[in-house]
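In what follows, structures are represented as structure tokens.
Shared between the two complexes below is chain A, which pairs with chain B and chain C, respectively.
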Partner chain A sequence: MSDDEEFTDINGKVIFLACQNHSSFCREFTVSVPKVSLRHVMVYTCSVWLVAYVVFFLTENTAVLSGAIFVTLVGMLLHVHFVKIDHETLLIIGSLGVQVSSSYASGRESTTFIEMSKIKDIVINESIYMQRVIYYLCILLKEPTDPDALSSVVPLFQSSKPRLNCLVKVYKSCQEILAQC
Partner chain B sequence: MNVKNLSKSCMMGQRQRAGRKGSLSNRTPDGITVGIQDSPKHNICMVSDFFYPNMGGVESHIYQLSQCLIERGHKVVIATHAYGNRRGVRYLTNGLKVYYLPLQVMYNQSTATSCFHSLPLLRSVFVRERITVVHAHSSFSAMAHDSLFHAKTMGLNTVFTDHSLFGFADVSSVLTNKLLTVSLCDTSHIICVSYTSKENTVLRATLDPEIVSVIPNAVDPTDFTPDPSQRDDSKITIVVVSRLVYRKGIDLLGGIIPELCLKYPDLQFIIGGEGPKRIVLEEVREKYQLHDRVRLLGALEHKDVRKVLIQGHIFLNTSLTEAFCMAIVEGASCGLQVVSTRVGGIPEVLPEELITLCEPTVSSLCQGLEMVIAKQQSGSVPPPAAIHSRVQTLYTWRNVADRTEKVYDRVAKEVVLPLDGRLDRLRAHCGPVAGSIFAFVAVLDFLFLLLLQWFVPDSVIDIAVDASGPRGLWRRARTRQKEPSANCHKDTGTGNGEHLYGALFKKR
Partner chain C sequence: MVLKIFFPQCCNMAASGLLIGHWLPGQDSAVVLAVVHYPFIPGQVKRYLSQLRNESQVELAVLGSWSMPKDGQEGMESFLRDLSTIFPQGRWLQLSREMGKKGFTCRVVQRDGGLLGEEGENGDGDGDGDGDGDGDGDGDGDGDGDGDGDGDGDGGRVIFIHYDQRKVMLCQLHPPEGGARGVGAVIGGEESSELRLVFSAVAQSQPLFFTDKYDDGPLKLTHWQSEGREGSIIVELAKHASVPVCLLLTWLLSLWTWLCSVTNLQPVRFVSSKLSTCVQLSYRTEHLQIVSSPKTALGHSESMRKANIFVSFFVDVALGLLLISWLYQENRISRLANTLVPVADHVAKELQELLQWLMGAPAGFKMNRALDQVLGRFFLYHIHLWISYIHLMSPFIERILWYVGLCACLGLTFALSVLSDIVALLTFHIYCFYVYGARLYCLKIYGLSSLWRLFRGKKWNVLRQRVDSCSYDMDQLFIGTLLFTVLLFLLPTTALYYLVFTLLRLVVVLFQGLIHLSVDFINSFPLFAMGLRLCRPYRLAEGVKFRVLCEEPGKPLHLMMEINPLGYGSVLQWYRTPTYSCYPKDSWAALCKKLFVGELVYPWRHKGTKID
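Presenting the complex of A and B:
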């Protein structure tokens, strides 16, 4: 079963959270952001081309125009392939581990898996991000030698940055599973 | 929406309790439900450049005051700048939340001021913590002045505590005084630590004395108890604990040491503290061959101060300027005879029979010390325990918090000046040139705030979960949980926040 809930990210944009209960000890959370909108593509392309045209008008150098086309295409490709993330998924399986994956707009996916034995806890933390203070969900990793110490922190949903109400929901579900093992 | 969700999930207990009070509860403008029998609870943000891990009087003042205010049910957060690796959000004892904001440090642990660059971060803190009173500390702290400026732009009540005295004559004090005038002319209330300091501040910042309160500092009397067994009664020991800087009159000390050591063969000095004037004392020690009688301990940690104090019979303070001298109270609390210079606010600090006041000259200080030494030798001084019990009740942090709370209550009723009123005040108060410049800066600050509100409206800033205050989760989480999680107090490099949330949410 899956239900899409609407939340907002820290900038007030709409995001969707889907929770899938595969079984009592396996849950999947997917945060999706809206696809690249045509309007944004148009706005960016037009602004690059307008600037290029003004420069061309002043310098009368046609290389500027072809440069602008090149910049737009490469920029779009890079954005779609490396920057724009459509879905971020957190798959938590009790006693096994946590899989974090993010799929880019181009279809590329990057996935990491963290064993349960390395995980100390999943918590909501707050930090300073770009001139503001925000909440984020993160996985605390154990120090291999000393199980009480923290070795590092893995932030979750880094690109979508949901707000606290969404984080609390995910957090509670995660804790239910963590409490079982 | 999120607030409601959160309060649904986290604050059930609080809701139920508030519900039970029913008719007794009233609602303050910021939406906190409090019982009518209590005084209103405030959300206070202490701002200063100076906080732990930096050590000093202002730092411990802020910490102790905050702890006592939390005890009285207020919500307190502290904003300071990042100290090296210590940045982000941390929690101290009893859920005292500290924001270490990444602002550039310029000089002497004070941040650079450009009037604007700190606005986004401070606004974020003020909005998410639903701050109602901004309390800035220390006139040396640029961040404190910035926060006052921004808080007034955002329409929050402001309180400022001045911890130091200034001169009027040299260029730097003329400039600081001007800045202080600008900063304080529209601040709701100012707190000084002594009457001398009040006089000084009122003159420097041309303020209305009506809005300046005097609330002295305090010491924790349980930290400074006498222990005469640690003394070496075959000798007479004079203890000096201060930073070794010009302001503390270390040059006077350099004059006193040889003179008294020559007269009294059984006299020794213990000097704790570090600073640029250490060289003066080392020279004196070298010149008069006093290595066995003058011990220089170097920098002392606060917890070690008592160990040093209880070894002495006489506490000597040679400050040249002092708004309120904590050191002499600590000395007297440890049962020592106090000899001090009569400068600044020092005469107000202790009752006459507990202190010997001298003029800030070598001869006068020597006279005073000789008198006390004679008394000590004849055994006519009161026992340390008697002195301690007198001092014990003089300055307590609870009393300070009590009086500060009254200031907050008064300030909360006042209306913050709107922008036009503020501009008029600035121009009327600070002279035509500086007034106009800062009025312009105030307008720019206001426009910047509007811009920020357009980029990130207040509604998308998540309201922070309260650790202290009426809805504080810290105490409830800790009382509900029988075995307290040791993590909350342990300082792991990544901050305690995660443990708090781990602990807070798990317990439900």
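Presenting the complex of A and C:
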């Protein structure tokens, strides 16, 4: 029951949205971004090494070259482990809660689960991002003491910022489930 | 509403019987805790439950029946169905499992107000001939089937949430970072949350899990159980020994605090508040008092605090002993003492050269020659005094080091604090120079500022705390202007000395600050909590995460509830032992302003002990 649809993010890059219907009140949306491209890795590595080679040429110190290798390796590891997010998943389970997880390129996953009793609504919001206005999906959380007040906003799909048409699709199915419970 | 059933993983393969558990109040969810196996006497089950209810304060009840078909137990299903009359409940769950299939079949029989609804005939409803047969069990069955409210077919209004009973029982759920103030909020957090209720229900029903599979009771239960009780003689001995040891320790500590309070007179108190070793000693005493208090720890946070202090104390002492074993070998102490005196000499000589340089024309600046000479000689004399003091001390330094080094057996932190104190004592001349320079500079700055006001025909009104205009006499103005000029032209010379000695002082302060930071780190690092997070990640939970287990159309949804362990940063934040803050209290801007005006800065703590 899953279908991969192609959408674009706010920069015009291709992203994929997969909707999985586990049951009438449990759906899973996965937004995946293309993997790290070899071209990017090559470009960055080559530029670091070229700079290192130029410095080596000027100073004739071999420590520069080993330092460059070290920097590229550590940089790649850190990028893969902490920066590059491969897919972001939104699992919405009626009357139980919403689980937001993002899995990094290295396989690390960070997950948060928000209980339904804390959720006020899921809405599409707009915000100013650099020099433009973008839309994003977010979860509104209730204040524990006062159920009408808003305590905080949890933005969804933060790393892959999908465009409005993708968000609307997710929003509609989320609202269906929220309306049921 | 969707019915949520929290089902322990260990009961997946249990033999048929009754489900024992707890309906969460106000929520549409049930927590299954155990399964009672078939040959049972209902009276015994009731008695057992009421006994457990008293012990655990959890409203335990029979939730329904569980059937696991086996060969030769054909009549089981209908028998279990009839049980709902024996155990009257608002709702009766009928879970059944079939061999070779992953999902469960669930049927909910409602019996309040004569309504017998069937909230989701989730099973493979095609071959399930007894779907309409369950009306016979209840006399009030007014036509079952899908006639009740939810019209959305058999899409499954039931969620099975499987959980690992042992992990959930042992885990401690932390509230989100919103309430990140103090560990005390762990217990007092909002209890209304559903997951929290589930966790507390499982944790409270611990008496239920005490029976293991070798226990022979009237009832056969399936739940999480230990592999029989194991005992280690060492652990038992340690448990028995811990009480008298704690008492002894408390007594010794009270003796020690009494001794401290007796000797705590004015000069002693002043010196001990300046020596970082004494400060460390007082913190260690406080920590040991917490650990050795004979009262049992109430709640999770307090016991974690005790454990953290205990573990870091042991690690600290182990590191200290390691240091001692290294230090007292191969005559290292005497070598250290032999290098220490030349180093102090060398520093003094360098300072002398620096002063000579300042007394000339430093970096090409032309200073006021007379003042320069006076200041330079003053400081040179001071250094001379210092060198003679060091040389007087030098025969005893090895002995002193030997005895002082022994205090490292109290812990590495003590060794570091002693090092910090030794540095403070050996660089006492730098501190003195700094204070002299700063005082002189401060005096000049204040004089200049007040004379500048006089120069403009104003004065500082002390009563009103503001600058008023004032008419001065001719003489006053003349003298004032003259003094202003003198001070202004002498300022560069003083400022130069002040600058150089402030820089030297800052280097020393930086070194001591690093030592204090490392001592503080050892004191406050929650080693036990970190170890727990590393080895038993489920013990400290930030929340839960769900995984969809099986999704067959028409079957209830099966989710797996896993425990989301607390991040390392949050562990540090939650369980850091509070210590004295040796962090600079001033902001950078305030520090720079103080340095510019010439006020004394003590960025770390009041350093530079008085010695007579």
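Here, the second predicted complex is superposed on the first by the 181 of 181 C-alpha atoms of A that agree within 3 Å, B and C clash if a C-alpha of one lies under 4 Å from a C-alpha of the other, contacts with A are read in each partner's own complex, and residues count from 1 in each chain.
Just so we're on the same page, contacts are C-beta pairs under 8 Å (C-beta built on N, C-alpha and C of every residue); 3 or more make two chains touch, one makes a residue touch a chain.
Just so it is clear, the structure is predicted and the values come from calculations on it, not from any experiment.
Novice: Please determine, from the superposition on chain A, whether chain B and chain C clash or fit.
Specialist: Here chain B and chain C can both sit on chain A without a clash.
Novice: Looking at A:31, would you say it contacts chain B, chain C, both, or neither? Reply first, second, both or neither.
Specialist: Neither: A:31 stays clear of chain B and chain C.
Novice: So, A:174: does it touch chain B (first), chain C (second), both, or neither?
Specialist: neither
Novice: Rounding in steps of 10 degrees, give the angle chain B-chain A-chain C taken between C-alpha centres.
Specialist: After superposition on chain A, the angle is 100 degrees.
Novice: According to the stated criteria, A:121 is in contact with first (chain B), second (chain C), both, or neither; which is it?
Specialist: The answer is first: A:121 touches chain B but not chain C.
Novice: Is A:113 touching anything from chain B or chain C once the two structures are fitted on A? First, second, both or neither.
Specialist: A:113 contacts chain C only, not chain B.
Novice: Is A:132 in contact with chain B, with chain C, with both, or with neither (first, second, both, neither)?
Specialist: first
Novice: Let me test your reading of the model: by the given contact rule, A:11 touches which partner, first (chain B), second (chain C), both or neither?
Specialist: Once the two structures are laid over each other on A, A:11 reaches chain B alone.
Novice: Report for A:99: first if it touches chain B alone, second if chain C alone, otherwise both or neither.
Specialist: Once the two structures are laid over each other on A, A:99 reaches chain C alone.
Novice: Where does A:164 make contact in the superposed view: on chain B (first), on chain C (second), on both, or on neither?
Specialist: first
Novice: Compute the least Cα distance separating chain B from chain C in the superposition and give it as a whole number of Å.
Specialist: 17
Novice: Considering only the contact definition stated at the top, list the common interface residues of chain A for chain B and chain C.
Specialist: none
Novice: Okay, in this complex, where on chain A does chain C touch?
Specialist: Against chain C, the touching part of chain A is residues 1, 22-26, 28, 91, 93-96, 99, 101, 111-113, 115, 117-118, 144, 151-152, 181.
Novice: Looking at the complex, which residues from chain B come into contact with chain A?
Specialist: Residue list for chain B touching chain A: 1-2, 5-6, 9, 87-89, 99, 101-102, 120-121, 124-125, 128, 456-457, 459-464, 492-495, 497-499, 501-502, 505-506.
Novice: Okay, in this complex, where on chain A does chain B touch?
Specialist: Within the complex, chain A touches chain B at residues 8, 10-12, 121, 123-128, 131-135, 138, 140, 149-150, 153, 163-165, 168, 171-172, 175.
Novice: Given the complex with chain A, which residues does chain C contribute to the contact?
Specialist: It comes out as residues 1-2, 4, 28, 152, 155-156, 159, 161, 178, 190, 192-195, 543-546, 548, 551, 556-557, 559, 564.
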